[in-house]
Every structure is written in structure tokens, then in C-alpha cells.
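Alright, structures below, take your time with them.
You will see two complexes here that share chain A, one where it goes with chain B and one where it goes with chain C.
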Partner chain A sequence: MTRAFSWLLSLGALAALALLLGVFAWQSGPVWQHEGAGYVTGGKWFFRQHEFGALPMICGSVVVALVALIMAAPLGLGAAVFIAEYLPRRSRLAVKMLVELLAGVPSVVYGLLGILLLRDWVYETFERFDPLSGDTLLTAGILLAVMVLPTVVTLADDALRAVPATQRRAARALGLTRAEAIWSVCLPQARRGIGAALLLSLGRALGETIAVFLVVGRQDNNLPVQLLGAGQTLTSKLGGSETNIAYGDPLHWGAMMGLGLLLLLLTGAVTLLGSLKGRRDA
Partner chain B sequence: MSELILKASALTVRTADRVLLYDASFRAESGRVFGIIGPSGGGKSTLLRCINRLNDLVPGLRVSGDIRLRGECIRTNDVNALRARIGMLFQQPVIFPTSIGENVLFGAKRLRSLTRSEASAVTESALREAALWDEIKDRLRQPATVLSVGQQQRLCLARALAVQPEVLLMDEPTSALDPRSTAAIEELILRLKTSHTILIVTHNIAQARRITDTLACVSIRDGVGQIVEQGEREQLLTSPQTPELCEYLHASDIHTGFTDE
Partner chain C sequence: MRKARDLIFGTIAAVCAMAALAVLCGLVFVIARRGWPAMNVSFFTEQIRLVGASGGILWNLVGTVILLATAFLACTPFAIALALLERVWLRSHPARRWLRIALYTANGLPSIVFGIFGFIVFVQWCGWGKSWLAGGLVLAMSMLPTVTIVLIERIAAVPARYVEAAAGLGLRESQIVWAVLMRQSWGGLITGSLLGLARAAGETAPIMFTATIFAGATFPRAIAESPVLTLPYHIFILAQDSFDPAVGSKLWGTALVLLGLVFSLSLAALPSRLRIHEESNV
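Let's turn to the complex of A and B:
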């Protein structure tokens, strides 16, 4: 009974997902007809000339999200180990609550903080590389790192706490120090959960819109060859006013919906991978 | 000829609002198996965990009193070095989710770096000591989870032995095992007691009769766990002096249907 019901639910979810993808695929039809594979490999986007190449934005999204992950992963893991293994239970719960609160702060707030604090800091710190402004891919990456950090911390902490206490106790009873027990017992056993935490955070970083929008510079047609340049991501492009302009023109609109489709596929794949990884852990 | 290895005096364990174990004193000698019996919740495990300072890992537990291992106070030493001298088996075998071979060396390889040949020598001798070598010598690379529970418990024993401890603590090591595996462990205890000082918690009076030399009964008296009676095994089992022990033995007799085996 419950089995049949859960199958039904899964089927429903699958159908909804397929419908979503279907709508985006259908709406973006004109641009695929017009550009073919060049839509994802082309580097130029001039909508007045009806030229649509999404590569700079695909790369921008990936680069920005990876920068975020590379910074958030070690920090977040370190914090999770500290919270899960060193903090006494009560402070652990308090810290975790705070961290989860941070995860719930609206992203526009992070974006404003990015403008307020991060932009100038990036500009001044990297002045000798001569950036045009503080609005760069790197700025967006750092901001995203801050934003996904709470997610990494709280999920990795959950993964570590899921390692049975008996395992820790057995390791300590053998004479392993706490650090050795963490290193050779807890982290290996939590690695699936930690992997899932990182993938889910990557998915979140890829999909984040407004905070990136505010600090990435929104420079079209720039392949992200250097992090200290302004760039454009799938989300920052979609969040801009061009989307509203595009609506009247089927081809232009198709190009925008195509970006949506690519974003869906990218975040969907990463998130799916993450939850599959997490599931097998449990 | 037995030598005094472990001497505990006035051992008391408290939480913020309760006394779990009060004023326990005992001596364990080499070549003899020290058994701990008593009703559930009496504090047997708590007592055992004082010896390798495992209670220190539980926040909120305060341990006082004095334990000496070969005359040295266990509090003054490095706790991890202490735990390497005192092996422990739990009620449920705790194996690490790696291969059988890795499990055996889990504690040993951190004490000193082993070359490949040393590692396999340590593995073999530990597994032989735990009477597991012949069963699994061709399967060292397999995950340890494929072993039966009885084999897992012997693997835990091998893992503890690989560290070359002087003292072995066993907290109801056979209560999760079938009769054959239990017999195997008991045989091992009798073999190992010549080279190790063994302290074992057991709920099984017949087992206590088979393998222990000295016995202590830990029970609740005046609301706190205490050693209510201790001494030579036969004397305690045949002529218990305290109401707590009488009651415990009586209850176990009824439970096992007056049989020994």
C-alpha cells in the first residue's frame, strides 16, 4: 500500500519535472532551430542581430559556482568537524541554529552586503591586477561561498553526527586520539553525506540569482578567462531586464528560455546527484 | 604466581544529579579473570569504563577515586597511551567499515609505523591469538561486514590484541553471540588469561563459573551502584553473603531453569 503510494508520488514528481523541462524545451524551440548546437558553443550574444551564443554565461555560471565551492568546502568542512566533534552538545545546538538562521537570510540581503563590503575589498585587494571595477566573477564567487557556507556546515555536521557513537568509542578505546578518530573513522564514514552536502551547495550556487546579479558586473560576451573581470552568468542574464524585452520576439524569447533550460539541467543534475549520494548513505 | 596489576580504590562516578557508582575498590591480578556480575543498571559497564578512562569521553560524568595500573596512577599518564595498554570488547562487536585486514591493524598501525612485512606478521599473530586466522586468512581484503557476528567479535579481539595490551576489558562480550561463538570466546579467555589480566562483565552465571577466578557483584544499594560483595568465585556463588547477591543468583537460577549449561 505505502509502496504503491510512494511509487505514485515518485511518478507524479517525475511527471511534473518532465512537464517543466518540456515547457522550457518547447518555448526555446526557435533558438535551437536558428542556432543549432552553436547556441551552446557560440560566444557572442547580440540580440538585435539575432545572434545567440550562450557559452560565456554557461562558463560564467560554472566558474562562479566552482569558485564558491572551492572556498566554502574546506571552511565549511572544518567548521562542521569543529561543531560536530569538539563543541559540547548544548553549544553545538545553539551554533547550529545560528548557522541555519544564516542559511535562511534572503539572498538579496547577501547581495547588498556584497555591494557594501565585498566589492571595494576585492577592488582594493587585487588592485595591482588592474581590475576595471570591484564587480567581478571573483566577487560573485566569494559572495556565493559565504552564502552556501551555512548549507555546507549544517549538512556536513549532520553527516558527521550520523556516524554511530559506538564507532567513535571503539576507536578511542583502541587508543586513537580524538583527531585520529575523526580522521580515520568519522570522516570516511561521513564522506557520502559530505559529498552530498557539497553537491547540494553547488546546486544552490549555480541557481542563485539576485546576489550574483548585484556583483558580477553583467558583462556580456566575455568568456571568463580571468576571474577579475566582469562576467555574466545564466542567472544574472535571466534576472536582467532583457528578459522582459525578449518576450515579444519568439526567437529572442526562445533564447532566454534556452538559458532557463540549461540552468534547469545543470542545477537539476547536480542536485539529483547530491541527493542520490546522500540517500545511499542512509 | 599472580601479580597485582590493577588496583582501584574508592572509585565513584557521578552525574550532575546522581551517583552511578559509589566507593568501589577492587584488585585484579595477572593470570586471573576478574568477573563482574550483577543486575542490569547496577553500574557494571560504568565501572569497567573507568579503567580505560572511557567515561572521560561522556560529558557530565565525573569520576573520582584512584586506579593504579602496575602501581602507576592512570590519571597521570597520557590517556591514549593508557588505552593502548588496555584493550576493550563491547557487547555488540564494533567493526569499522573497512577490510578485515585494516580492522586488525586499526589501533596497532598508529602506535608505530609498520613495514609491509611487519604489518602482515602483526595481523597474522593477532588473528591467530583470536583463533580467527584459519577461517579468514584468504579473505583479509574483504570487507569485515561479511563476517558473522561471532567472527566479528573475535575480529574485535584480534584488533585489541594487535595493540599488545596488558589488560583486557570485556563488557558482556558474548551476550550477542550464539552458543558456538560463545564457547569460542570463552576458550580464548581461558587461553589469554595466562598472558593478560582480564576483567569481564557477564550476565551469565554459568559463564562466570566457567571462566572467572575472582568475582565482584555490582548492585544497587541505598539507591546507588556499589560493589556489594567480592571474593573468590566459588565462595561467592555457593555461599553468597549479601541479600543483593542472593537475590541476583536466585533470579538467574530461575531464569536459566536451574541448569548450568
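Let's turn to the complex of A and C:
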């Protein structure tokens, strides 16, 4: 009885996941027929003319997420090294709990901070480069960097703590200083785990919608050639009102679903890679 | 020379940790300071008036609680079923690895994808329009992997000798599941649910196409065409055109309430997580 129910509900849940993937693949069908590979390589999106090219959105997503990771990774790794290697156990737990608590700040709250504070700051700081407004790819990148920072810190800390204490003791016994032990023993041994931490953070950054939506400028048809320009990401396009407009027109809706499919593949691949790297049992 | 390098390395790590914590705590502080003036009893007991410039957020709070309760109820049976499948029924089966991979990957899927999926399935195919039930189910889907993973870890921590003793007494497998494994693991279900709910409470992307509107809804009395007001969507809409200072204060107030809700959910999960950390880091 328990067993049957367990199987039934589990299969239901897995079927829902499969349906999710299937729906995006199936509903995006029309646009693949209409545009072919040009859907991924095309740079122009004019839905009234039935012209759909997703390249600016794909590049926008990748650029914004990479900017975020480039800023968050060094700071986050440094913080993780300090928390894992220097702090005594009790305060380490306290700081880690604080960081995990802060990882839960909702994205709409980050968006609010971005729109009311960060946007003006970016505009004033980079005024000599003549940005049109504070809504830029860079603004979204900075905001995302702060958002993924707790994830980087806590996962990298886990990776460092997974290095056995005997390794540290052996290194110190050989006469290495603390910094040398960390640099040439702990960090190399935690390489896989740190790589996984960065990949999972990248996945989060790629999939973040609301905060990016509020500060990225949502300018269509702009390839992200300069960071101080407005842009569009896969998620900000999907989060916009065009999703409501598009339902009814199979081709236009197909194009929107295609964006969802691309987003699924991108984040799915990055997350899958990250969790395979991080856990040998997964 | 080596001593100096050791010192510099440690200082850099410490500075990174300070900077990361300062940024994250700083933004909580900013919200608390700006949101505090809006806090008074009527803010929680009145409905919004004048497009958010006046009144309170009663129905937004009620709507968010309705969505969370629905998500919790819908998620629980599936989480138990999936966790039991992974821990018990697929104990020595190669498919177990695939189930784990699916769970970790689903955990990294962007929430906007769940939102669009809910829009297609519930809003369009089921013809519900915007409905609290659609939003609750979508949130349940998005939190299911988190809850399941935490529950799996807790079941895995039940000492093997308990199971052996129960088997030695002649209990059937389903009796062992309920009398030993689940009896020891309800805490894990609660912890996982609290963590999942903390994330779900702040989510905007999954509910904006499926469940929530900005104004004009109170307590839902049906399933179809019964949207609710929510805290995140309130912030999301007001953040986009908040030039009225009166709106501004209410806006930060709403953000503070949402942050308080999210933090209390994750703080409630803290004690049992702390215990797991202590156990795994001796």
C-alpha cells in the first residue's frame, strides 16, 4: 500500500517534470519550423513582422551572468577561505548561518534596491562614458553578483571543509605556513567542489528573472557589445508582458517558448555539470 | 618573508569576508531603516488605497499566506513519496542515481520556467485564469526538489541498527517505513518545507502569470478566476514607477514585511539544520 502510493505519487511528480520539458519543446515547434537555426543565430526580433532571432537575449543572459560571477567569485572565495580555514568552529557556524539566511533575500527585494539605489549609482559613477540611463547590463551584473555571493560563499566553504583535517595537519607538520597550506593543499584538493560551487552559482545567475528584469533596461535587438548599454536577457524577455500578448499567435508563442527552452537547456546543463562535479554519489 | 606572506594572505581573506558580510548585512539594514516608518497596526489591517500610496497590505499578506499553505499541502505527499522511493524502494537499483540527478537538476531550474509552465497548464488548458490554486501548485512544484533533498538526507541519517532491529522483530517493509524511518524524519520534512517556503514566499516569477494581481482581490471564493494579492508582486509593480514619496515609504515597508516573513521561515528551520551541521562536522 505504502509502496504503491509512493510509486504512484513519485511517477506523478516525475511525469510533471517530463511534461514541463515536453511542453517547452513541443510548443516552441512552430518557431523552429519558421526560422530554423536562424532562431538561435538571428539578431533581430520583430514580432509583428514575424521575425524572431534570439541571439541578443542569449548573449545578454550569458554576459550578465558572467559579469556577476567574475565579481562574486574572488570575493566569495576569499570569504569562504576565511570562514572555513581561519574562524574557530563556533563562530564559523554562526557566520555560515548568517550567510545562508542572507541567501534567502527575495529577488524582488534585490530588484527594489537595484532600481532605487544601484541604478543611480551606476549612472553617476560612469557618467563620463555617457550611458543613456542607469538601466544597463552592468547594473544587472552587479546586482546579480551580490545575489549569488552567499551561494558562492556557502558552497565553497562546504568544499573546503570536505578536505580532511589530517591533510592540513600534515602540511603544517612539514613546516608550511597556514597560507601555504591553504594555497597548496586545501585549495587544490577542494578544486572540484569549488568548481561545482561556481557552476551552481552561474546557473542561479542565468535563471534569475525579477531582479534582472527591473534593471537591465529590456532593450530588444541590442547585441551586448558594451556593458553600459541597455540589454535584454532570456529571463527578462519571458518575464515581460509579451508573454501575455503572444499566447494566441502560435508562431509568436512558439518564439517565446523557444526562449524558455533555451533557458532550460542553458541552466539545466550548467546545474547538471555542477552537481555531477560536486557530488560523486549524485 | 614567508611570515609576511602568511599575514597578507590571511588579511586578504579576512577583508573579503568582512566585505561580503558588510554588503549583505548593509542591504538588510537599508531596507529596515527605510521600511520602519511605515510600520504601524493599520499597515497590517487595512487594504491598499490610492495605488499603494495609502492604506495597508492586509490582503497581500493574506494572499501570500494562502499561496504558501496551498504549496505546503500540495508538496508534502509528493516529497514523502519521492524520498521513500529514493531511500527505500529503489535501494539497490541503478535508477536511484538518475532520480538523484533529476532532483538536483530540477532544484536548479529557474522559477520563471515553472511560472510559464503553470500559465500554459493551469491558466490556459485548465481554463482557471489567474487563480490562487494555480499559484500554489506552481510554487509547490518549484519547492518540491528542495523539500525532497532535505528529507532524503534526514532519512539517510536514521541509524541502520534501528531498521535492522525493526526487521528483526518481523515488521514488514511498509511498517518499518512508518514506524521507524518516517517517525524519525518528520523533522526533516518540516525543515525542508520551511526552507522551501522561505524561498517560495519571495518568488515573483512563478506567480505573476498564474495567480496574482496588483489590486482588487480579497479572499478567493472559487478556483477559476480567483486571483489573490501578494507581497512580492506588490513590490514588483510599485518598484517600476515609484516616484511618489508616499508610495516609497509603503513600498519599503512592504519589502521589510516580506523580508521579515522570509527570515522567520528560515530561522524556524535553523535549530535542526544547526544540529545536522554539528553532527557532520565533528
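Methods note: the second predicted complex is superposed on the first by the 260 of 282 C-alpha atoms of A that agree within 3 Å, B and C clash if a C-alpha of one lies under 4 Å from a C-alpha of the other, contacts with A are read in each partner's own complex, and residues count from 1 in each chain.
Just so we're on the same page, a residue touches a chain if its C-beta (ideal position, glycine included) is under 8 Å from a C-beta of that chain, and two chains touch if they have at least 3 such contacts.
For clarity, every value in this text was computed on a predicted model and none was experimentally measured.
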Partner chain in contact with A:Val108 - chain B first, chain C second, else both or neither: second
Which of chain B and chain C A:Gly22 touches, first, second, both or neither: neither
Partner chain in contact with A:Gly36 - chain B first, chain C second, else both or neither: neither
Broader residue contact with chain A after superposition on the shared chain, chain B or chain C: C
First, second, both or neither for A:Ile83, with chain B first and chain C second: second
Partner chain(s) touched by A:Thr177 [first = chain B, second = chain C, both, neither]: both
Partner chain(s) touched by A:Val185 [first = chain B, second = chain C, both, neither]: first
Contact residues common to both interfaces of chain A (with chain B and with chain C): 89, 177, 180
Contact set on chain A toward chain B in their complex: 88-89, 166-177, 180, 184-185, 188-189
Of chain C, residues touching chain A in the complex: 2-3, 5-6, 8-10, 12-17, 19-21, 23-25, 27-28, 30-31, 77-78, 80-82, 84-85, 88-89, 97, 100-102, 104-114, 116-117, 119-121, 124, 141, 144, 173-174, 177-178, 198-199, 201-205, 208-209, 232, 235-236, 239-240, 242, 248, 251-252, 255, 258-259, 262-263, 266-267, 270, 273-274, 277-278, 281
Chain B residues touching chain A - in the complex, by the definition given at the top: 52, 54, 57, 59, 80-84, 87-88, 90, 92, 94, 96-98, 106-107, 110-111, 156, 159-160, 163
Partner chain C, residues of chain A touching it in the complex: 1-3, 5-10, 12-14, 16-17, 19-20, 23-24, 27, 74-79, 81-83, 85-86, 89, 93, 95-102, 104-113, 115-117, 146, 149-150, 153, 161, 177-180, 182-183, 200, 203-204, 206-210, 214, 235, 238-239, 243-244, 247, 256-257, 260, 263-264, 267-268, 270-272, 274-276, 279, 281-282
